[in-house]
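Please read the structure below before turning to the comments.
Chains: A, B, C and D, in written order; residue numbering restarts at 1 for each.
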Amino acid sequence: MSKVPVAVLGATGNIGQRFVSLLQDHPTFEIAALASSERKVGGSLKAFWRLDDVPLAPHVASMELQPLDLGVLRKHDVVAAFSGLPSEIAGDIEMDAARVGVRVFSNASAHRMDPDVPLLVPEVNPNHLRLVERQPAFREGGFVVTNPNCSITGLALPLKPLVDSLDLTDVHVATYQALSGAGYPGVPSLDITANVIPFIEGEEEKMRREAKKILGSLSDGILPSPIDVWANCARVAVRDGHLEAVSIPLKDEIPAGEIAHLLSSFRGEAQVQQLPTAPNQPVIVRAEANRPQPLLDLMAGEPARARGMAATIGRIRVVERVVRFFVLSHNTIRGGAGGSVLNAEFAHRRGYLD
Amino acid sequence: MSKVPVAVLGATGNIGQRFVSLLQDHPTFEIAALASSERKVGGSLKAFWRLDDVPLAPHVASMELQPLDLGVLRKHDVVAAFSGLPSEIAGDIEMDAARVGVRVFSNASAHRMDPDVPLLVPEVNPNHLRLVERQPAFREGGFVVTNPNCSITGLALPLKPLVDSLDLTDVHVATYQALSGAGYPGVPSLDITANVIPFIEGEEEKMRREAKKILGSLSDGILPSPIDVWANCARVAVRDGHLEAVSIPLKDEIPAGEIAHLLSSFRGEAQVQQLPTAPNQPVIVRAEANRPQPLLDLMAGEPARARGMAATIGRIRVVERVVRFFVLSHNTIRGGAGGSVLNAEFAHRRGYLD
Amino acid sequence: MSKVPVAVLGATGNIGQRFVSLLQDHPTFEIAALASSERKVGGSLKAFWRLDDVPLAPHVASMELQPLDLGVLRKHDVVAAFSGLPSEIAGDIEMDAARVGVRVFSNASAHRMDPDVPLLVPEVNPNHLRLVERQPAFREGGFVVTNPNCSITGLALPLKPLVDSLDLTDVHVATYQALSGAGYPGVPSLDITANVIPFIEGEEEKMRREAKKILGSLSDGILPSPIDVWANCARVAVRDGHLEAVSIPLKDEIPAGEIAHLLSSFRGEAQVQQLPTAPNQPVIVRAEANRPQPLLDLMAGEPARARGMAATIGRIRVVERVVRFFVLSHNTIRGGAGGSVLNAEFAHRRGYLD
Amino acid sequence: MSKVPVAVLGATGNIGQRFVSLLQDHPTFEIAALASSERKVGGSLKAFWRLDDVPLAPHVASMELQPLDLGVLRKHDVVAAFSGLPSEIAGDIEMDAARVGVRVFSNASAHRMDPDVPLLVPEVNPNHLRLVERQPAFREGGFVVTNPNCSITGLALPLKPLVDSLDLTDVHVATYQALSGAGYPGVPSLDITANVIPFIEGEEEKMRREAKKILGSLSDGILPSPIDVWANCARVAVRDGHLEAVSIPLKDEIPAGEIAHLLSSFRGEAQVQQLPTAPNQPVIVRAEANRPQPLLDLMAGEPARARGMAATIGRIRVVERVVRFFVLSHNTIRGGAGGSVLNAEFAHRRGYLD
């Protein structure tokens, strides 16, 4: 059976490069086109490659960067497109592609809050995928599915089993976010070297808003969850991996060991379906006193294809009725490109790419 | 009038060096002796100096390091001693010194929770100073006064006016703590370069426990405050300055502007008494979107002698009934040596050094 | 006697801010105007201030940023202008200002190699100042004087006494250059965090070319020095301070102690004239095994006004006939704004500002 | 054919861990024992694992750490031992092991300069291996072979083809050395964060001395090479990978392209023999303006088993008769454990392990 031809939109950016690294030898998808902004067209992705941990495959390195237009998608019979576009331009391009029948899996924030666009994490809200059928583009077979913001994705994974089993409404979280989350060139080195910047534009609002949608229930549209995520977001001099410090008041006290069990035994639809990029265990609980750490836990997730797709939890403490823990996830894999690849695998399994 | 002769105990450590930098041209105190661990005795502090922002004064550079014993204190007629000793050894040495009449102002945690030892921040709980009169050593004129842990000191300053005016009980806080807080050699560079370590031994417990004491009320001993500080503590690759992300549920909604006003108009006993090292404004509120930052706000505080003594607050947000903000303070000045120097100035003003 | 009114051109950049910090309470000069690129005009320098070690003086903070045009210079009777402009635009603006009689002291590279423009370091080539009299603008009293590139300035200071006393022609040097040398926003944090970038555009050529001019002899124009500086330039994740590793083959062997003596006893015209910003000792030799270090030796130089104006040398080793050492200097003070301020003080002392 | 049983001495250190990562699935060798200092005996290597890029294999993770004594080697029929021991203790332990017939491949400096001990880089001086036959221990089949210091190994690779083809005697080099080179805990973070330390104990002498031996000719013992390596060594805040800036005066001018060709076409005995850990190309020349960089070129080398075994060269410039370039190599792979593994593969191929 031949593979599904896909395009990567915005292929030279941090997220675009991650898309390429995850798709270049994928069992279901094959890269048919790499599209980028006008001034890079004609060049090779090789000149922009910054992922020191993954070499660019020769067959992709030899592809020419193409313009961001529908003709390119048509010419290469693209069935699905993965969008790592900046949100300012993603809105129109993604919708246009969907209208001509392309299944768009996007990391951009442009359509995340559209009522008919799923903000999908297959482990958390798989049933939201059905929303795509309400999109006008669906008549042509096209649609847009988004993955959530990098900071909330990593938090949504442990929140799901907690919210399902415990009585809680407020989640206080502070983030230690990596440089790669700001794109490239992103944060000037003079701003962040030996420093912390306690501000990431729009991030805290996104975390609250998107959590309400992801955890919301589906009836006629999505009913927002009552959970409130109160975030303080900061940038630190770490290359990859968002660490988050979480503090949650509970209605009833519960032993830390029970919370650890809830988290580490959590499995979602992605695991049940054994999607190629799904980690066997979406939430890994570590017992060491000083974990998770960006450097050590960044690539958590097995099997090999799922490296960087698991969230790592550590330091679960319950004192009186407050539970605290740290969670780490890879912001451009689980919280970015990997999230959308998993979404596409899930949509494919459900027959939406046929 | 001649100055009060003082000693610095543990003069070569990170806190000890800060003590020296603050005392070497102090209007009230003069350094009579520098004491350090046995193997450094006879040498000069110069060989250990790591404070790139303050040159060591020649008259101190020429002093010989002395052993940590009572004979040294007696020989130099030391009235007060500032202790930057490691907590493991501070307990006995400080109490012994107090017993022979020395007023000990300590940054060590050894005696912080002793019922009769003030855990003093002159802006927050000046009346606690009176506790010293209950110490057995006080018959000789000696006593021990401690300053709180570096992380809670910076937070206690803004908490004080909030707790006095608003109805709140839970304070969720995540810290971004500087390397200097771990002493020297402290954190190995391989552990922290391009990384975050989500664990600082004992820190979270200290923050909760000490906040309850500092904010507690004095009657027959100290009645712990009902305020609970729920901390997640992490180390980041910043040289100096602890940043903290704070999230507080309130019983009633209140505009962010009002909170800003409460904080920036706050003045304590240290300001009323115009103590030499007291900042004119103990809590500075910044309006910029991306402050406070360790690099830029570390040395907040005026006049010159009070640099590093003010806490800087930024990004005050109130959404529904949750207030969030960031606070930064200098961990080895306000949260360390400067805190104890201010305590000593306050005790001196109150006549306890006569 | 009233002070000389001066302007800072490009006041918001890294070098511009240093100019302001050095001139805001200068004994001879007073800031009459701050000029910047069009889109910042009307604003205050305060919004751009990034010098964490020097507070912006209130009387300068309240000045409005003005456009970069001659009218502004005339309106404020500006006698001298300090240029921290990007080299692309500095060329024309500086020459235009000189033509209307302004004495321009520039950090830009645009005119450094012009035959009639001094590339001045008062300790090294004070007699080159006379070149200004050959400039066409000099008929109006105006001229342009430049300070050398940041990397070669720090090296020229120790080279001068060595070249004068020893027989040498080749200087092999590798640099460890600070982030502030690249301006702002400058180096992206993703490029440099936990990394080294072994390339700085044009820097190595500048070092060779400018060394030949600075060390050249003046007759009818400047005869380039035979000294060859062979540089390998790299950027490291240090905020300020260029460290350089130097290796020089000598014709004859000489003890390291003699070299140390040559360097530490070196005094130039700036010292003889006791210029306000001149360090008592332009080259400081440290005996410790692990110096100079950017963090510890950055601000070397006394008295207070000359902080950051001395080069610090360490680890002088002579094996057979090769001498090696490290040298550190502040790239935006000695190697930038401070260099031009010293040049202006020297020109003023010589009567060129009357 | 069964694999050769080997031991790793000092298995928990930075180099020891690299040995394990390279040997845990090696085609020729199998780990029979992990030995460490007394206080870690009985524990598992898992607790010390810091290599974020390689997971510890389960069969090694389950091994118990054993004491550093001959009984352990005998009990496991160890044929070869890889030593990542600190040099202070390596001297005796290694020689004792050799005396009982163990082939020791050591990264320690203790025996590097012993006249009968090869300081081996199979691409550079394969014939030196024969020296082992002169060691007293060889009667029992045992011997000691060392790999050179991490800084000189990376430089020796490009020097070999240059020295063979060009007329040169002096090599001026400055290093930018990674934190992992100092072991663990190694460099305190307060010393190196946003700083450079221009001193690494003994390193510069080792570079000169060891280069003379590696490049020396073998007759009756080793005749030191006339090449002088004049090094300035510094530590930078990079996790892995030593970058070196090289400047070499040549007797005759030669185009940069020719040097690039000499380097990239260089193949040594390791390549001829197709040793498992030998990179296809020991010296990779990159054409980009800003390479090599630690982050991007650290793991250079193909095939997969040889990742981190190639030196990467960039920025080759020839001006007049001076050639300059940068070279990068992985300090704990090519310059450490990988070097000794390659040596063992080479000795095995030559029949010394039979």
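Basically, a contact is a pair of C-beta atoms (placed from the backbone, for glycine too) under 8 Å apart; a residue touches a chain by one contact, two chains touch by 3 or more.
Keep in mind the model is a prediction, meaning the values are calculated, not measured.
A.B. asks: Can you name the chains that touch subunit A as well as subunit C?
C.D. replies: Of all the chains present, those in contact with both subunit A and subunit C are B, D.
A.B. asks: Counting C-beta pairs in contact, which comes out ahead: B-D or B-C?
C.D. replies: Between B-D and B-C, contacts are more numerous in B-D.
A.B. asks: Taking each chain's centre as the mean of its CA atoms, how far is subunit B from subunit C in angstrom?
C.D. replies: 40
A.B. asks: As a quick test, compute the distance in whole Å between the mean CA positions of subunit B and subunit D.
C.D. replies: 48
A.B. asks: Enumerate the residues of subunit C that touch no fewer than two other chains.
C.D. replies: Within subunit C, residues 50, 193-194, 237-239, 295 contact more than one other chain.
A.B. asks: Could you pull out which subunit A residues touch subunit B in their complex?
C.D. replies: Per the stated touch rule, the residues are 170, 172-174, 176, 194-199, 204, 208, 228, 230-232, 234, 236-239, 243, 245-247, 249, 289-295, 314-315, 317, 319-320, 322, 324, 326.
A.B. asks: Okay, in this complex, where on subunit D does subunit B touch?
C.D. replies: 50, 179-180, 184-194, 237-239
A.B. asks: What part of subunit C is in contact with subunit B in the complex they form?
C.D. replies: Residues in contact with subunit B: 50, 52-53, 193-194, 295-296, 298-299.
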